[in-house]
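Inspection log for the structure reproduced underneath, given as structure tokens.
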Amino acid sequence: MSILVNKNTKVLVQGITGKIGRAQTKYMLDAGTNIVAGVTPGKEGTKVYGIPVYDTVKEAKENHDIDASVLFVPASIARECVIEAAKNKIKLITLITEHTPVHDVMEMKSYIDKSDSLLIGPTTPGIISPGECKIGILPTNMFTPGSVGVISRSGTLSYEVSAILSDNNIGQSTVVGMGADLVAGTNLIDILKLFNSDKNTKLVVLIGEVGGSQEEDAAEYIKNEMNKPVVAYIAGGSAPDGKRMGHAGAIVEGGKGSAESKISHLTSSGVKVVSFLFEIPEVVKKLLQ
Amino acid sequence: MRLYEYEAKKIFYSNEIKIPKSKMVYSSKDAKKAVQEIGFPVVVKSQTLIGGRGKAGGIKIVDEIKDLEKTVEEILQLEIKGYKANGVLIEEKLNIKQELYCGITIDRTLGKAVIMISSEGGIDIETVANKDPDKIMKFMIDPTEEKFSYEFIEFVKKLDFSGKLLLKISNVVKKLFEIFNNYDCKIAEINPIVITDQNDVICADAVLEIDDSALFRHPNFKKRKLNSMNEREKHFNKKGATYVRLDGNIGLICSGAGLGMATMDLINNYENMSPANFLETGGGITEDLVFDCMELIIEIPDIKGILLNLYGGINPIHEGAKGVARAIKKHNLKIPIVAKALGNRQEETWKILEKSGVVVVKNFETRKAVETLAKILEGESV
Amino acid sequence: MRLYEYEAKKIFYSNEIKIPKSKMVYSSKDAKKAVQEIGFPVVVKSQTLIGGRGKAGGIKIVDEIKDLEKTVEEILQLEIKGYKANGVLIEEKLNIKQELYCGITIDRTLGKAVIMISSEGGIDIETVANKDPDKIMKFMIDPTEEKFSYEFIEFVKKLDFSGKLLLKISNVVKKLFEIFNNYDCKIAEINPIVITDQNDVICADAVLEIDDSALFRHPNFKKRKLNSMNEREKHFNKKGATYVRLDGNIGLICSGAGLGMATMDLINNYENMSPANFLETGGGITEDLVFDCMELIIEIPDIKGILLNLYGGINPIHEGAKGVARAIKKHNLKIPIVAKALGNRQEETWKILEKSGVVVVKNFETRKAVETLAKILEGESV
Amino acid sequence: MSILVNKNTKVLVQGITGKIGRAQTKYMLDAGTNIVAGVTPGKEGTKVYGIPVYDTVKEAKENHDIDASVLFVPASIARECVIEAAKNKIKLITLITEHTPVHDVMEMKSYIDKSDSLLIGPTTPGIISPGECKIGILPTNMFTPGSVGVISRSGTLSYEVSAILSDNNIGQSTVVGMGADLVAGTNLIDILKLFNSDKNTKLVVLIGEVGGSQEEDAAEYIKNEMNKPVVAYIAGGSAPDGKRMGHAGAIVEGGKGSAESKISHLTSSGVKVVSFLFEIPEVVKKLLQ
């Protein structure tokens, strides 16, 4: 039907009593998401839109079946909250929070990699399987159900491309925002794999951006393993260079990271790379025929 | 936040990494005093955050007192890629037997710190990396596992050092890694680590870049960063917004980096339009923030038009719209402003913007908004 | 090294654990000044390292200025188990709603830190522990795994706290555990943690004991410890030797704690002999150390004889023998000295000792050495 | 034949080039110990009494079969050196070093407990199987081969009791010094178990001392599992009390730790507890008849 989330997914909201957590809980409920519990330490016994709040994930887990958690917590404690979710064996953890220190992200990723959990984010808009479940902050009205999977490193572009697809009567199976930070809990390949084995996904739209080598790595996977078409756009071809910061970054990336590198790797792996988002519907339609 | 060389070296020194005798000065007069302590020959080093200063003439060796004043003044006046130096570092000249490289940064895909060392350090390290990548040893670090002294020794042994040099170099790498972790660095780099003719191991240059998101854990550096900002930059910084000045004529306010880059790609497609700035608000939109964004953009000379491209996911775009309206009213703005603003509370947002004279594009495609602005600038009706 | 309450509270304060308003004073004059800042009623607390000071009269509440001077002077003069106070702490009197207990120490068998908390804190905590051990929650900590905030919350919830009190108490326990680790503590204890009538959570007492072996990581406390010692104690401390003064008449120098205890057991078996001291050298024997040991013992009044019981495993006992010989010569010692010294280089050792007039017992049994000394003291020939 | 070490045990000396490491290496070689390599960082290529020295345990392991390591290293680096040995899968690690910070000991113990290694010490005189192998600083001339196992929490008393046994023609299978610190890498029970299943050990002499609850725990094991006689002595019955340090220690020990407690637990487990060391040979002889 979809990847990661569907209408049966039981969701926990960590940081549910904050201003943003509360507002987004409402939007998620409106989108049909099955939110079963919330956590804010010190707030046990209260309710948010009828959802019971607990002091700890452990207690929420003891009182409810939980498949996924979405976090609206301050950046300074994001590390501990993600680890709390993972230690309590929540399978899918989505960290919306922006500006988490990258050393904290590396630590949480290390915990996650040793667990059975999957971490989406940080700085992700979340995940939506339109009409079934929304985990995160994606504006619901951009999305329609269908059979195109969308993976985007940029949050706002995941909205834009989905809206453009929807506007052209191309629905989405699942849309996943990978998160925009230096380090992401989950890489493009991990999500490509899920789409590759999802029966309902017929084609994947991949929105990359300059920096890192995720797209180059994904190209390799697509070439060797992917059994459905992939359409890609890489943002940042005309973006300004960052100030030069020592040699270390350049040496690590070893020539990867530029828009040119990503586009050429993807193209030679059989991916149709477009120059502008608005070209996507036409390409998708052609490929789905 | 990148630190100046002299700031990074202070941190090295307090963490027991050897650095050359040195003194930071801001005038040739103080440079003379510094030399009395250090002794000739000295190296005069421009303190700037821009790379490639050596090749740009920002590092000079001075052997005699007669050349000192002129060299210091020249380097203080020297612009490197448009930036002047924030003072010069007067430093003892080392007797170099060998130069090594050590850099620590983050492998984005693995999400792990990577320590790189090479026995061929110096300004050509990137050439070494490209031509002969095997000459750079790389070690990936699991952030949840402690790294022990013996592991650094095992690591540095691969460069074929032995005896006391092995211990000294391993210790520098270990300390640099501790600094990388303790100061929340994105980059910690020493190029070169100098082995002197006396077999001393001394760090001749220093690059530290601290993660801005972690400055709450480093109040001194946070203060120093805030001190170097004006009020508006402070506000931006607090909200997590990013602003970069560019050369073009179209002001741009976007609610995400990817959206911003994609919008720039589209603007650049028109001959008579190019971005005057890159501005992304992140998820912290408020009325005041967007008001500040507007003020920042209208200060740019020759600005021809403004494009807003906002999504209401986590952002209250109706609040942002109020900021736009306030700026228009306050400055009695007449230049064309086109907005695409979609998502939660979009109707409310549109109403506020249209009331202020903003052209609202209600399509999903950013292309349509860019097209609309282009048409207005061409004098066409929209 | 145990810290005084006021020292421990300083550490608490700098680690953001709330403590009562308080001031350390050494005279009733300064106490009056302190009260002007703190306000009546105050608690006057003897600063001593001995437990049970409350029951011994070392803690008094003073409501009015007229009682202050007398109370302070009394407590300054008060001896608790033979020790006078090192000043008094003048402290605001808290309005107590509830008293909790939190103690962190080391479970020797598991080799793990154990955190203990109870909602029935106060001076009777050991009675609670004996009568109703279930009222004390215990948590074992793996030292290689980080403990997270949520774990402290899960832990404190077992005492049935909720809301803000839950967060405040969890935070105190977390901070105390951080102190326990960061300061290399063997014990970190707060008894009681007070919940005031305003629902503030404040630490009313503080016990920290720092591991002496870890003082090299805590140079300030190492300095403070060395400052409180005379030269000889410093030397002992540096060498890792232990000296405890006892009431008896036989001086004792042993090269290990177990051996020392076993030797004391044997000496105590004789009616006219009992140990004047406990002295174990550890593995750091040198000529100077044993010389110092000898001088320390001969200063004890009414000392009747000296017994040396040394093993040459890691210890160079022949060097120790030289120290004995030097002390005998310097002080022209006439009291009987019996030595048992076995192991590596024993023959060399015996020769040096016998030359100085020490009676060397070459048997493996300490009993024989004690017997020999007893016989000499009885006037028998050996 | 013996427990832990025998004539085939191949031994590494960490800290071999220091004053103590060098001297004790000589004594161990004299005692017949098969020392195959040494480690001191920065000293690779040198030799100590003909033994090759390496910079790291890893290299020593690459060049030699190693069963056991004995450490003469400064207390400040003992933690790292023990962990280095354990990570290199050395089965028996003996830490002679005194005055290691107890937090460091807890950490190394935690690593060890998760590994296949056994840690004896710190502050241990080591282990000897007389005539076969000596690992540590025990003075060789006190010991004779035989069939009594000795476990001692005190180093010097392990010498004394073995010397007394030897003097009475009672030889030892293996003598193990447990280490005198607050926390020991290995507890009495671990060693009792080894003696229990060692065919050559007919009886065990246990030398305990006041403090901790190891003897009480051992008593429980002896009562339930031990199939050979145990003779015990507890040092410190007349030792002065330490200054009183808060309640925490007393609560943790829960009434255990005194000589009385230990003696009564052991006695009621069938252990013959003597009041003085010199009584041991007679008791042993009687029990071995």
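So that you can tell them apart, the chains are marked A, B, C and D in the order they are listed, and the count of residues begins at 1 in each.
In the analysis below, a residue touches a chain if its C-beta (ideal position, glycine included) is under 8 Å from a C-beta of that chain, and two chains touch if they have at least 3 such contacts.
Computed from a prediction, not measured in an experiment: that's the story for all the values here.
A.B. asks: What is the distance in Å between the mean C-alpha positions of chain C and chain D?
C.D. replies: Distance between chain centres: 26 Å.
A.B. asks: At what distance in angstrom does the C-alpha mean of chain C lie from that of chain B?
C.D. replies: Their C-alpha centroids are separated by 53 Å.
A.B. asks: CA centre of chain B versus CA centre of chain D: separation in Å?
C.D. replies: 56
A.B. asks: Two or more other chains in contact with one residue: find those residues in chain A.
C.D. replies: Residues of chain A touching two or more partner chains: there are none.
A.B. asks: In chain B, what residues contact two or more other chains?
C.D. replies: Correct list: empty.
A.B. asks: Name the graph shape formed by the protein chains and their touching pairs; answer line, ring, star, complete or other.
C.D. replies: ring
A.B. asks: Among all the chains shown, which pairs meet the touch rule set out at the top?
C.D. replies: Final set of chain pairs in contact is A-B, A-C, B-D, C-D.
A.B. asks: Where on chain D is chain B touching in the complex?
C.D. replies: 41-45, 55-58, 77, 80-81, 83-84
A.B. asks: Across the complex, what residues on chain B touch chain D?
C.D. replies: Going through chain B, the ones touching chain D are 148-150, 153-154, 157, 162-164, 166-167, 170.
A.B. asks: Mind pulling up the chain D residues that touch chain C in the complex?
C.D. replies: Interface residues on the chain D side: 20, 24, 27, 75-76, 96, 98-107, 109-111, 125, 136-139, 141-142, 152-157, 159-160, 163-164, 166-167, 180, 182-185, 187, 207, 209-214, 217, 233, 235-240, 243-252, 254-255, 275-278.
A.B. asks: Under the stated contact criterion, what part of chain C meets chain D in this complex?
C.D. replies: Within the complex, chain C contacts chain D at residues 2, 49-52, 101, 103-109, 111-114, 116, 125-126, 129-130, 133, 136, 142-144, 181, 184, 186-189, 191, 207, 209, 211-214, 216-217, 240, 244, 246, 254-259, 261-262, 264-266, 268-269, 278, 282-284, 311-314, 342-344, 346, 363-367.
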